[in-house]
Every structure is written in structure tokens, then in C-alpha cells.
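One chain, chain A, links the two complexes that follow: it is found with chain B in the first and with chain C in the second.
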Partner chain A sequence: MSIPPNVSPTAFNTALNAWRKAVGPEWVFTSDEAVALYRDAYSPYYGEPEERVASAAVAPASVEQVQAVVRIANQHRIPLYPISTGRNLAYGGSAPVYSGSVVLDLKRMNRVLEVNERNAYALVEPGVSYFDLYEHIQKAKLDVWIDPPDPGWGSVIGNALDGGGGWTAYPFRDHFAAHCGMEVVLANGEIVRTGMGALPNSKSWQQSRWGFGPWVDGLFRQSNFGVVTKMGFYLMPRPEALISATVTTMRDEDIVPMLDVLNLLENQVVVNGSTQIFGGGRGPAGSAAWGIQVPIYGPEKVIRAQMDYAKAKFAAIPGLNIVESEMLRTPLTPEQMARVRLVNFGIPNLSTFALLGRNPGNPDPAGGHIGFSPIVPRTGESLLEFKRFYNENLSKVTGGENLNIQGPVYMTCWERTLVCLIMFPIGRDKALNAKMRRAFEGWVKLAAERGWAEYRAPAAFQDLIAETYSYNNHSLRKLRETLKDAIDPNGIISAGRYGVWPKHLRKA
Partner chain B sequence: MTNRREFLQAAAISGLPVIAGTTRITHAAQPDRPPRLDIQTILVDERHTEARNAGARLAGTGATIHAIPDGDITGIWLNQIGPAWRELPTAIAGLTARPALFCLEQLALNFGLRVVFHGEHIVYPDGHIEHSLLRGAENAQLSVRELARARALWPARIADAIASYRPNADRPRPGRSDAALEPTLPRDAQLLTSWIIAAA
Partner chain C sequence: MRRSLTIVALLASLTSVAQAADPSGEAVYQRWCAPCHAPGPGHPGTQSLEMKYGGKTPAVLLDRTDLTPQIVSTFVRQGVLLMAPFRKTEITDAELTALAAFVARNYKK
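Our next item is the complex of A and B:
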């Protein structure tokens, strides 16, 4: 049995026995085979000494049990690492950032507490996956959509807290931005409810986001200040229809005015769907230099007018080709469901894994991957600058070797944000993984010199990326550390997550 | 849809009677051994003849065979396995590509289920096949040698192994399989995975 670092065997055994009393002995996991289930399948250090692994796991079923587990951990100074469904693949999965932590597995807390169709919101526990919430809504025949990420098997709460996003309409795609109210267990076992939830008997906890006074919800995003045990989300009433157009050009420089038009249309909320940029020289010879897919959700008459407006704006740029797709009215027919991208219609699915697996279009997959996804200013000039940057530096970061690194993929799926994604295959070949890590680190450093940095990262690189956010002698990190020391003085919750370490583990 | 020739080839491998339709194949009782696992749901990757053949063979056990399109388990998860497991987690089995097993194993963990049988079968462009049995071979009464001897009829042997799998309560609970990542293979080689997910 593994012991967490800086914890004596006696203290650990005492804690384990106390946890067994609190949650039931069958929900405390210490055997090698049970703890191995929490390994990160996509770890870039898989099988190496640096791989971050759990020492044990505890699975409470209620917020009261979470409080008990946390109090016990605090008493014995045992590091905990809360996970929801543990499927945050490519970002660390269910493995802790601080190796040897005890995983606090919240999967058993899997109740959909409320779905309110009239005001379009849901309140869920951390073990609720997008599949669970979707099924709940289908069974109850409610006319609201979820906004699933791809794949859709992860936790609704976990995905939002880690900065994930989805593929339907604004303002639902940014999952943290679409949340309303949370319940948190702090390191001392105290329960806090945010927003209107701090008012006893409030009936607007999932309606009005801000409550009264300083808004603290952001403290729990990509952080380690508490264990979120409930979270509310705005849901989208089922839109009547979706209409889409694809705008393409054969000229590289046209991406500048094209992106300006797209930004205008999104900022006006004329275009509300998840837009896509493709091209950049990655297509076959003779294909368009750039293309943008422009989807709009809403009532049929309204989106017809919005699409006409959007097309007219793009048509003002000479030489563009604009092709409108069929209007798809919801609910979709089975035939339509067989040919559309389901996540764009609020339907969670797992097709991503089949696509990433071996198939005629992908004959040599690694299966696992990590991604470097820096945020770049949302202009065509910046996009072209990134494209040059990538081409000029690829050989430098890979040492001249072809590592099958894929990219960049230009993502405009979150409003006012342009992410330039580079993907690194991860396998079980340690030497190859080491090369991928070096390449990743190279990109991080080179990008930071240009003011570009990651918005979300695998556990193995969180410290590296946190270092790049260094304005004013790392004043942001120091502020976070001050808060950490106050809220979790023994540093038991998710030590090191997103670069925030408790005092006793900080480097001098 | 499996043709008659494939169905007969698949049936011939073990000498069991060829019965069209869905008549259940019964086995003589063996009182000293644990009972067979009752597997009612079988997944086959419809892109691969070998998987379809195994499915045709297993149809004779009365199990429902689900052909998964393009290796994507979403439909069967949403419409069959997910709702069924929420009521009562039961054993399932399949002959698929690795991603299907990876996804189902991840989902199964929530229901206390594990991969209890796992075989891998690399089919090379020149027709030769490399088998490995990563877990549960003894419970399935199967060996790599038998699969090699079966040659092109190995899918039927896999089907028989799945149908005759007997869980052993004394065995330690299996951990995660390594279905997460695809191995590097020669170009045009295919990897199929045979598996059973069950309580353990």
C-alpha cells in the first residue's frame, strides 16, 4: 500500500479507518488494482517515475460524507485530490497533480437534483455526466438542451470547473460562464453556497448569478480552494432550427477581413453557433486557403434573416465563396441524426474515440494525446502570425524529427477567443513521450515570448504554464497563494493544481 | 448481414450444430464447474468480417448482436447499454476495435464492472494473424495455440470462448486493461479486440 508523502503510516492508517467509518469500508480503496484505476491513461509520463499516481481513493456518497472525509484529511494533513467522473483525458484524468494524494472520488454523488424547463436551468452533483443529464432530460420529456463537450462522458461540473466548453450556441458553450451558483465544501469541512444560494430559502439560486457582494465562484475554477458538491447551469431552450453557411477563400490574406466580419457578427450575437476555421495550408492541393463555418440557432424566421445579414457582410469581401447548408429543424429525424455532428445538437457522444482510433483516414493512431492550446488575439493578422510561428519553429522544438505533431487547428468555438491548438500523440513509448514533452515545453516557452499562453493544461505542465503568467513578478500567483493559505492552511486540497501550491510544498 | 457461407464456416469450427435463426445452443451441465456467464449483449464492429462472423456464431446462443457502425458505441450506449446498466449492470461482450473497449471499460467502472476477458488479434495484410490473450483465457478455456490452429476461423473460436466463459469468484478483481492506446502496427494491419465486461 502506498502512503502519501509527508504522512506517517500511523496517521494514514488512522485516517483510512476513520474514512471507512464515514463512507463505508467498501468505498475506501487501497489495493494496488483498485488504485491503479485512477491512473491517467494519457499521461505523458506513463510508466515513468515522474508519473503522478494516487496512493488511495475514497468515494463518498453525500455532501455530509464529503465533509467528514475532508475533516479527517485536514486533521491528519493528508493531501486529497477531488475528481468528479475522472474522465478529464489529456488533462490529467483521474490522477492527482501532487503524486501520492488520496483521490476523493465524487462519482457516487450522481444525482440530477433539478431540471427546470420553465426557467431553463439544472442543478447537478459532481458525478453527473453529460450522458446522465441528457438521459434525465429525455426521460422527463423536457424541451431544453444541454451543451456537451466532445466526448460527452465527462462530468458536467468537472468540465465546467476545468475550463471546458461545448458545441452548441452562445452563451452556453463556455461551461463555466454558463453556470449559476455552487455549493462548496471547504478544507475545514464547512459548506458554502454562492450567489443567491447564500440566502436561506432562496428560490433563485440557479437564476440570478451574482448574489450580493464579491463574487467568489471564480475561486473554484481550475483551482484547489474547495470541493464543489453542487453546481447550477443555464440550459438552452430547444432552438427551432439551425442554419449554417460555409465561407471559403483561395487567398491566404483574406482571413483578415473574414475574421473581422465573423467577430462583428458574433459580437452582435447575429451568429451564435460554434464557428470553425479550417485551412491554413493543411488541406489537399487546390483546396481553399481558409474556410469558416458559420452556424446560427434560433426560430426559423429569425435565423433566416440573420443568415441573410451574415452572408451580405461576408459578400462584401471580394472573391469569397459562400455556400449555405440546409436548414435543420429540431427535433431531428433519425436520418438527420445519422449524418450531423451530434454535439452541435446537444447530444453527447463518443464518436471522437472512434475517429481517433485506427481507421482508413487515420491508419497510424497513437490513441492518446495532449494538446497545447494557446490563446491568440482574435484577428486574422494574429492567426497568420501564429501560422508563421508554427512553421518556423516546428523543427526547433522537435529537434528536426517528424513526431507526427498535428496542428495548428484554429478554434473560434468560444466567443471573443481564438485558440490555436497543437496536438501531440502520446503512447506507451517512453522515449517518444519524452520527445513530445520536450516539444510541448518548447512551444510553451516560445509562445510566452509572444504573449500567447495556454488556457488549460495537463497536470504535468501546469507549473510550467503557470510560470508564464508572470506579470509584475508573479503577482497573480502570489495573490492566489495568499488566498490558498487562508482558505486551506494545511494545504490538503489538490496541492499544485494549476500551479497553486500550499505553503509547505512551495519552492523557495 | 452475414452470408450463409460465413455462418456455416463459423459454425464448423467447434462441431456444434448449425441452427438457423435464434434457437438457443445448450451445453451439457458440468456440475463441478461454476456456471457460465450469461451474456445477452454482444457488440461487433460491422466494418470487420471477422467481427461479423463472431456475431453470427454468438447469435446461436440467444444473445442480441449489435453491429456498431464506424467503431462508435454512442448509439448503443445511449439506447441500450447505458439504460440497462442503470437498472442492472450485466455482462456484455464483443469483438471490436480498441476504442470501443476503451470507452465501454471506462463507463463500466461506474457500475462496478471490469474487463474480465481480453484478447487481441492483429490481422496482417498477408493474411496471417497474431493473437494474444491478455486476461481471462483460463476462464474462457482458450489458448493462443487454439486460435492459431483455427486460422481463418478464429472468430468462431472466440465466439465459443465468450459463450463458454466461466467466472471464478476466487480470482483477484482485475484492474484496468490497457485498451487506452493503439499500438503501432504495420501499415494496413488491423487490430481487433475480443472482450467480456462483467462483474468481478
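Our next item is the complex of A and C:
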């Protein structure tokens, strides 16, 4: 059994015994075998001294138990690292950012507390996965959709808090933006409810997110100011139908007016589906230079008109090829379900791993992966600049070696921005992982010089990326540190997460 | 009325004890394994094993006759390639025993 840094064996044993009393001895894990299950299987430092590993894990089943666990940790100054379902693969899995932390595993808090069909919202605990919420809604025969990300086993709360997103309609795809109200346990064990939830007997916690006075929910996103134990989410009433069009061009430069049209349509919310850009020289010879998929959800008659409007806007650009797909009415038939991408229809699954795992195009995969995905302005000029930037610098970051780095994929999942994703295979070959790390670090630095930066990252790179957000002598970091010191003075919660370190662990 | 409530409560508690002591391996499989290992396209575990074995060994886990409970347990707790290990808060030791017995039910020595 290992011991957290700066904690005496006596204090740790006292805390472990107190936790056993609070949550039951079977839910405090200290054996090497049980604690190893918290390792990040996709760690770019896997098996190396720098790998971030847990010292133990505690798994409460209720908010009262979370309070007890946090109070004990605070009393003995023991670093905790809360996880929800622990499936944050490629972003740290269930491993802590600060090595030696005790993982606060919230998987057992798996209750769907409410799904309200009339007002289309849900209130859940952190251990609830997208699979769980979907199953709950199906069993209750409620006519609302969830917005699943690629892997359905992730936590609805954890995904939102880490900055994740899904594949149905605006405004549900940005999961943090689609939340409404949270319950948080602070480092001193106190429970806070945000928004309307601060009103005793509130009847609108999941219907009005702002409440009264300063809004604090953002403090708990990608952060370490508390342990989120409940969160509300807006759900989408099942749309009647989905219609989609594919717009392609053979000319590289057409992406400029195409993106302008796409932006107009999305910012008008004429197009509300998760659009996708493909091409960019990555297809086979003779294929389109660029293509955009344009899905629209809604009532059949309404989206028929919206699609006609969208097609007319694209048709104003000479030479584009516009192909409309069939109108898919919901709920889908089994035959339709077998040929669509299920996440676009609110159905969680794990098929994304078929693209990332062993497959005909990748017969000998490394295992896991990580991604660098800077946010770039949503213009064709920026996209073409990023394409040139990638091609010009690839050999610089890899030292000229073929590391099987994949990218860039120009994602339009977030409104108003491009996310330019570059993927790195990560496995058990330490030398190869070191090359991936160097390449990753290279991209972070080069991108920052252009004014582009990542929005979500694995633990190993969070400090590096936070460092690039350095405007006015790191004034944002200093503000966050001031808040951290005030809210969690002993620095026990998620030390180092997204570059925010407690006072006693900050580098001078 | 009171008596029937007591009986219902007793039955409920017996059921939960029975579930805790004897979890259904098939239920654990459906929850944790089937999303990747069920037959057909869109199942990354099945796809991966199809490529690995090239048809010499069944790609669908439940069609296998060469898996012992020990091998199943090892893969669940060690993981393989992009399949990360499953923690004890996800699959408890008792659930793993039941799961391993279920997946290895057709094991032929």
C-alpha cells in the first residue's frame, strides 16, 4: 500500500479507518490489486515514474457519505481525486492528476433522481452513465432524448464537468451549457446548491439556471473547487424527424464561402444538428476537396422548409454538389437503426471504439490514444491556415518519423468554433509513448504561437496547456489560485486539475 | 393487510440478499460486456477478435469454448488494448465470479 505525499502513515491509517466506518470497509480500497484498477490505461507515461497513480480509493454511496469522506480528508490533509464513472479515457481515465491522491470513486452514486418529460429535464448523480439514463427513460416510456457522447458508458455529470459534448441537436450538445443546477460538497463538507436550488423547497431547480446573484456553476467545470454530487440537464423532446444534406466541392478554396454559409445557418439555428466537415485531402484520389454534412432535427414540415432554405444558401456558391438524404422519422425502425449512427438519435453505444481499436484500417493498434484539439476560429481561412500549419510542422514535432499520428479532423460540434483534432496512439511501448509526448508538446507550443489552444486535455499535459493561457502575466491563473485558496484552503480536492494547484504545491 | 405488507417486505429483502450473494452473470455480461462483444457490426470487441483470429476462433465471446473463468477474470481486471480494466465499483468481485462462470459456461477441456 502506498501513502499520499506529505501524509504520515499514522494520519493515513486513521483516515482509512474513519472512511471504512463512513462508507463500509468493503468500499475502501487499499490493496495493490484493487488500486491498480484506477490506473489510466491510456496514460502517456504508463509504467514510468511520472505516471499519475492513486494511493487508495474510497467509494461512497450517498451525499452524506461524500461529506463524511471529504471532512475526514480535510482533517488529515489527504489529497482526494473525485471521479464519476471513471471512464474519462484519453483524458486521464480514473487516475488522479496529483500522484498519490486517494480516488473518491462516485460510481456507486448511480441514481437517476428525476426525469421530467413535461419540462424535459433530468436530475442525476455522478455515477449515472448515458446507458443508465437512456435505460431509465426507455423503461419509463418517456418521450425525451438524451445527448450521448461517443462512448455511452461515461458519466452524464463527469462528461459535462470535463467539457464533453454529444451528437444530437443544438443546444444540447455542449453538455455543460445544457446543465441546469448542481449540488456540490465543498472541501469543508458543506453542501451548496446552485441557481434556484439555493431556495429551500425550490420547485424550479432544473428550469432556471441563474438563480439570484453571481452564478458560480462555471467554477466547478474542469476544476477542483468541490465535489459535484447532483446535476440537472435539459433534455430534448423527441424530434419528429431528421433530414440531412451533404454538400461537397472539388475546389480547396470553396471551404471559405461554404463555412460562411454554414455559420449563418447554424447561428440562425436553421441548422441545429451536429454538422461535420470531411475531406481536406484525406480522402482517396478524385474525392471531394471538402464536404459538409448538414443535419436538421425537428417537425417534418418545418425541417423540410429549413432544408430548402439551407440548400438555397449553399447553391449560391457556384459548382457545389448538394445531395439530400431521406427524411428519417422517429422513432427509427430496427432496419434504420442498423444503418445510422446511433448517437445522432440519442442512443448511447460503444461503437466508436470500433474506429479506434483493431480494425481493417488499423490491424495492429497501440491500444489507447490521446488527442490535441485546439479551438480555431470558424472561418475557411482559419481552417486552411490550420491545414498548412499541420502539414508544415508535422515532421518538426515528430522528428521526421512516422508515428501514425492521425489528423487533423476539423470538428464543428461546438457552435461558433472549429475544433482541430490531432490523435496520437498510446500503448505500452515507453519509447514510443515518449515520442508521442514530445509531438504533443510540440503541437501545444506551436499552436499557442498562432493564438490557438486546447480546450480539454489528459492530466499529463494540463499544466503545459494552462501555461499557454498566459494573458497579462497569467492573471487568470492567479485569480483561480486565489479562489482555490479561499474555497479549499488545505488543497485537498483534485490538486493540479487543469493547472490549478493548491498553495502548498505551487511551483515558486 | 399488515401481514401481507410484512410478507412483501420479507420477500423484497430476501430477493436483495439473494441478488447480493448470487448476482446473475448474464446480467453483468449484458451490462458491461455486450456493448462491445455482442454479435454484429458496431461491436468493437467482436470486430477486434474477428481480425485477431481470422475465423479460427469465434469472435463472439459467448460462442467461445476455450475460455476459463480465470481467463475471463484476468481480462476484466487487466484490460487489453483499448479496453481499460473494470474497477470493483463497476464489477464487484462477486459479480466477476458470476460473470466469469457465465462467459466460460461452454468451456471444454
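Methods note: the second predicted complex is superposed on the first by the 508 of 508 C-alpha atoms of A that agree within 3 Å, B and C clash if a C-alpha of one lies under 4 Å from a C-alpha of the other, contacts with A are read in each partner's own complex, and residues count from 1 in each chain.
Here is the rule we use: a residue touches a chain if its C-beta (ideal position, glycine included) is under 8 Å from a C-beta of that chain, and two chains touch if they have at least 3 such contacts.
It should be emphasised that the depicted structure is a prediction, and the values quoted were computed from it without experimental measurement.
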Answer with clash or fit: chain B and chain C placed together on chain A by superposition.
-> clash
Counting only touches as set out at the top, which of chain B and chain C does A:131 meet: first, second, both, neither?
-> both
Using the superposition on chain A described above, determine whether A:59 touches chain B (first), chain C (second), both, or neither.
-> second
Could you say whether A:29 touches chain B, chain C, both of them, or neither, answering first, second, both or neither?
-> second
Partner chain in contact with A:42 - chain B first, chain C second, else both or neither | both
Have a look at where A:105 lands relative to chain B and chain C in the superposition and call it first, second, both or neither.
-> second
Footprint intersection on chain A (chain B / chain C) at 33-34, 36-37, 39, 41-42, 85, 87, 107, 131, 153, 342, 349-351, 353-354, 356-359, 363, 365, 367-368
Chain A residues within the chain B interface of the complex = 31-34, 36-37, 39, 41-42, 85, 87, 107, 131, 134-135, 151, 153, 342, 348-351, 353-354, 356-359, 363-368, 426-429
Given the complex with chain A, which residues does chain C contribute to the contact?
-> 31, 35-36, 41-45, 47-48, 51-52, 77, 79, 81-90
In the complex, go through chain B and note every residue touching chain A.
-> 70-74, 77-78, 82-83, 97-100, 102-103, 106-107, 109-110, 172-176, 178, 180-185, 187-188, 190-191
Which part of chain A faces chain C closely enough to touch in the complex?
-> 27, 29, 33-34, 36-39, 41-42, 57, 59, 85-87, 89, 93-94, 105, 107-108, 127, 131, 152-153, 342, 349-354, 356-360, 363, 365, 367-369
